[in-house]
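The two complexes that follow have chain A in common; it is paired with chain B in the first and with chain C in the second.
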Partner chain A sequence: MNVQDRRRLLGPAAAKPMAFSYTTVDAVEKTVTNTPPKDGEGEEVLSLHTGFIENCNGSALVEARNSRHQTSLITAVYGPRSIRGSFTSQGTISIQLKNGLLEKYNTNELKEVGSFLMGIFNSVVNLGRYPKSGIDIFVYLTYDKELQNETLDEELQSKKLFSQISSLIPHCITSITLALADAGIEIVDMAAAGEANGTVVSFIKNGEEIVGLWKDEGDHEDILECISACKEHYKRYRDLMISCLLEQNNLDAKSA
Partner chain B sequence: MTSNLQLPKIAYPGKLICPQYSTENKDGEDVIFNYACGPGTKLLQYEHNGTSLEAITATLIGTVRCEEVNNTDDEEEELEVADQSTEEEKSVDASSSEVVKRVVKVIRVSVVPGTEDDRRTSKDTNNDFANNLPKEGDIVLTRVTRLSLQRANVEILAVEDKPSPIDSGVGSNGVGIIAAGGGSGAATFSVSQASSDLGETFRGIIRSQDVRSTDRDRVKVIDCFKPGDIVRAQVLSLGDGTNYYLTTARNDLGVVFARAANGAGGLMYATDWQMMTSPATGVTEKRKCAKPF
Partner chain C sequence: MTENTALDTIEVHPITFPPDVLARISPELSLQRHLSLGIRPCLRKYEEFREVTIENNTLSRYVDTENVDAKNNILGSNVLKSGKTIVITSITGGIIEENSASIKDLDDFGEDELYEITKEENVVANYASIYPVVEVERGRVGACTDEEMTISQKLYDSVLHSRILPKQALKVKAGVRSVNEDGTLSVLYPDELENDPSNETNLKMKRKWSYVLYAKIMVLSRTGPVFDLCWNSLMYALQDVKLPRAFIDERASDLRMTIRTRGRSATIRETYEILCDQTKSLPLMINSQNIAFASNYGVIDLDPESQLQDPDNAEEEVDIDMDEARPVLIADLDTEAEETSIHSTISVIANAKGNYTQLTLVGAGAKITPEMIKRSLLLSKVRANDLSTRLNE
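So, the complex of A and B:
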């Protein structure tokens, strides 16, 4: 607060900047792991953290790794803050995805995913509570890499590369949901999604309602099979998110 | 006892808390519990075994709190209407069964961030502005940014969470923290974290007609506010896209902090409702002051 704002009159002379006492929780590794990574098509290991960025309202870091693929993405939520322009009785959400270290995806692809995610979160966030406000969500794809695997042949590798963005979407949804919950923004349910053969299905309400469906190249003869596979992932991710959030907020999980 | 149901203590988004209604028969009296959504909850439809059910669902992480609501006037009217319909139903089946007295209890269920202990011991300012956006009737603290003949433009800095009693007395709420001026710390504020330099704050307008309640068409805005003043105001309406509409037409509303000589001088104190004095120089300036106590 040393920088004097010379353009406008400030408050009372004796006013001090308000100091908030944050409960400084040490950066404890809130790693929630189900099982150690198995070989081959093993289980995915997921690590979730929330609330580590100071200057935004809510943040989340999701790191996922299985034997073939490693992803890490950071989400920051800003708002609700005022928007200019015409009156809106509901809040407005904007979601932006950004490439991290590796310029892997082109802008159009990321925009498309962004608008798909916006569709999901328009029905997940309790927008009626935020009139005249905007909620801005930024997803930063820090790290996203295929792990070298000798057993996979070249052809299969390139095929996998092709359908990568769809394998990323479930993690985007997990991380946005966590960041929104961390920001204290009202959401009707913990949204999560699963991916199967390039199809991403996002659920709420214990898998009874679908809030988003994304289809990419990949063989999906039986859509119902895809949905039930995605639902399995959804349930796993949701349970992990809830246990992570309760732990983060020092709330006892056993009475929940 | 507020409810006959065992509500969960801790909730997270998507956690079902309770149904909309529950009933209980106590001492030959039907008690109907009507659960209402408070902050942090929403009434949602669920499909279960082919039937659609409504349940109060949490939308935030935190502790569940429920309190009985004593009906205000308009709610009572609604209930009366509801009562009439139940009356009719009763008269229909009165022939078959005897008339039972019914009591309707309205219980507000809300989810509050933090644990139970946190809330009891915490004296920190609440910075949960996100879920306390200004709404009609709220008291807000604002800073004057711009004046014109017709209105004063302000930016909203904080929203009062709990409306403080009109006398601001410590006695009336018992356990308050005594504020610096001698009033009570009854009011807690949700402070906006938005940056005013980036233009992210919520803005408001105090029209000259809304400055005071008497002689309102002869108000000179420049004699009531100066840029930089901190003004306590009430929200009249959500207004248009850009501005909330605010009023200071009440004794306890108006300028609370101001500096003399357009901000160059020292802090001034209200001497009456339209005069402020700087104790250092003795200079007086015109303002529409809020009653300090």
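So, the complex of A and C:
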């Protein structure tokens, strides 16, 4: 019996998780033949849905797919709900990121991203409107898959993983913003972000204001160039979000 | 004194609530009102089930048989949507070394007789289960809830006693990886080389391994009891599990070394890892005739007092006996109102052929009559029949 956690059925302690070999000859051959044609970044296909989770106040699903990877995140917003304890004049936001099916990122990484997102949404949500309440946001990284099966050596692989979490952040921001809008929580503006070379810049107000900046290892000599690249992404994501919300609104109006 | 008299003459006005507010403050009354009209708060009929849609194996590493996803360790998956609830099941695996060989594995069959005697009582010992971790998302952090724990345990026990997973199916048929003369690595599997006698003897290994299966079941948007959704999702996922082939290095396949510590000598075996093949896999051989699907029912007394009086037919309704409560069977419980007001429940796991593997009766509310049990068994069979066809669509 597992001594660490008696509440969950975690199986025999002696069992080892499956370790897949990276050096099998067949595997190498296969991946070489199946590598998708390298046409640069490729156009990213984004699909947005809101309001499909019943037992929360607002929810959003963001699915993104480009030539490099495929991501799917679910965000659920619970709140504003009353908090215990003494009076607070402002609402408090908590953001939890959770590994979905693939236990890919470690808890520290997710916490770090969570606190970064918290910084953004503390300035995006109109917290003064929600005294003595808490807004709890849960982001489930349901699915995150790399489409290029390159067999890289260990060092490169860990680097690649690291840079990947930064490419996830813009989608997290998009899905949280959508879920907040779905929950009817007052926000200053639709926040979105773009990513370039491991740098994530998040904007509001048509790119006039930066609400968050995340920097990972990566080649970014000219920060201004990065920012303008991110701004392009931002505008695209924002327009998509707005059209998604309008569509949803129309649907609701029709069904009502 | 004047205040008191004012209080005595206060008039009570009946208050009316919109239906959704009433459902919130008095779910019991709201449910009874709905039932008196012949429908339920979710607008289904008494014996109507929710529609179920599934997506099987879309998340597993073997989605694309041509190009296996190297970083994905999911061996089988299922996404089940029932009403508004979404259940995502992913099955992952581990490998455990069998340190005590079971009697059957021994070359010496001296204990055969004893084995035969105990065999009958110990059928379950030949079956394994899967280790499920259920997570019902309800916007809280911290320890798992009682519901999650009981569902996980019930799933574990039910899979074991349903005899779906024979232990034999989880045995690792390990191969050996060896370095060829030209320095390349190749993996040989004993069962693939049957017509090649040169390798057969080299590949006999004394050590044995088994796969261990884990299921992570995530429930999003919980609107009612979720055990049957989790069970059904797990059943779908199990039917498509592929186990990767595993191998060990030739150098380590039977390696012993003698060491001396503090004057004693001991023989230890080199520890080494058993690795899984990146691309090769075998389907998990489950007892597919034991695959069964779950459904649940509730029994509630219709309360004649909360029936809505139809002003046009007021005269006809006079002869309704106000004391007699009529019990009805409700299938596939959902929504908060049904969950909180219906205390008598029937839970059945059955397959399409009408073989029942589990029946749970909880009679905390209305009386469960034999007719109700019969009816629910019949409905379960029909439901299982319907659900079992989903995989082939």
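Convention: the second predicted complex is superposed on the first by the 198 of 256 C-alpha atoms of A that agree within 3 Å, B and C clash if a C-alpha of one lies under 4 Å from a C-alpha of the other, contacts with A are read in each partner's own complex, and residues count from 1 in each chain.
Basically, contacts are C-beta pairs under 8 Å (C-beta built on N, C-alpha and C of every residue); 3 or more make two chains touch, one makes a residue touch a chain.
Because the structure is predicted, anything quoted here is derived from the model rather than measured.
Q: Please indicate which partner A:53 is in contact with in the superposed arrangement: first for chain B, second for chain C, both, or neither.
A: A:53 contacts chain C only, not chain B.
Q: A:96 contacts which: chain B (first), chain C (second), both, neither?
A: second
Q: Using the touch definition from the top, say if A:14 reaches chain B (first), chain C (second), both or neither.
A: Both partners, chain B and chain C.
Q: Can A:138 be said to touch chain B (first), chain C (second), both, or neither?
A: A:138 sits against chain C, while chain B stays out of touch.
Q: Looking at A:223, would you say it contacts chain B, chain C, both, or neither? Reply first, second, both or neither.
A: neither
Q: Both chain B and chain C contact which residues of chain A?
A: 8-12, 14-15, 18, 20-21
Q: Name, in rising order, each residue of chain B that touches chain A in their complex.
A: Touch residues, chain B against chain A: 8-15, 40, 42, 44, 46-47, 57, 59-63, 113-115, 124-125, 127-128, 130-131, 133, 135, 143, 145, 191, 193-194, 197, 199-203, 226-228, 230, 238-242, 257-259, 262-263, 266-267.
Q: Contact residues on chain A for chain C in the complex?
A: Per the stated touch rule, the residues are 7-12, 14-27, 30-31, 34, 52-56, 59, 74, 76, 78, 96, 100-102, 104, 136, 138, 140, 142-143, 145-146, 149, 151.
Q: If you look only at chain A, which of its residues touch chain B in the complex?
A: 5, 8-15, 18, 20-21, 57, 79-88, 126, 129-133, 181, 183-190, 204-205, 208, 242, 245-246, 249-253, 255-256
Q: Which bits of chain C are touching chain A when the two form their complex?
A: Checking each residue of chain C against chain A gives 59, 66-74, 77, 84-86, 88, 90, 92-97, 131-133, 137-139, 141, 143-144, 149, 152-153, 156, 177, 184-187, 212, 214, 216, 218, 220-223, 244, 246-247, 273-280.
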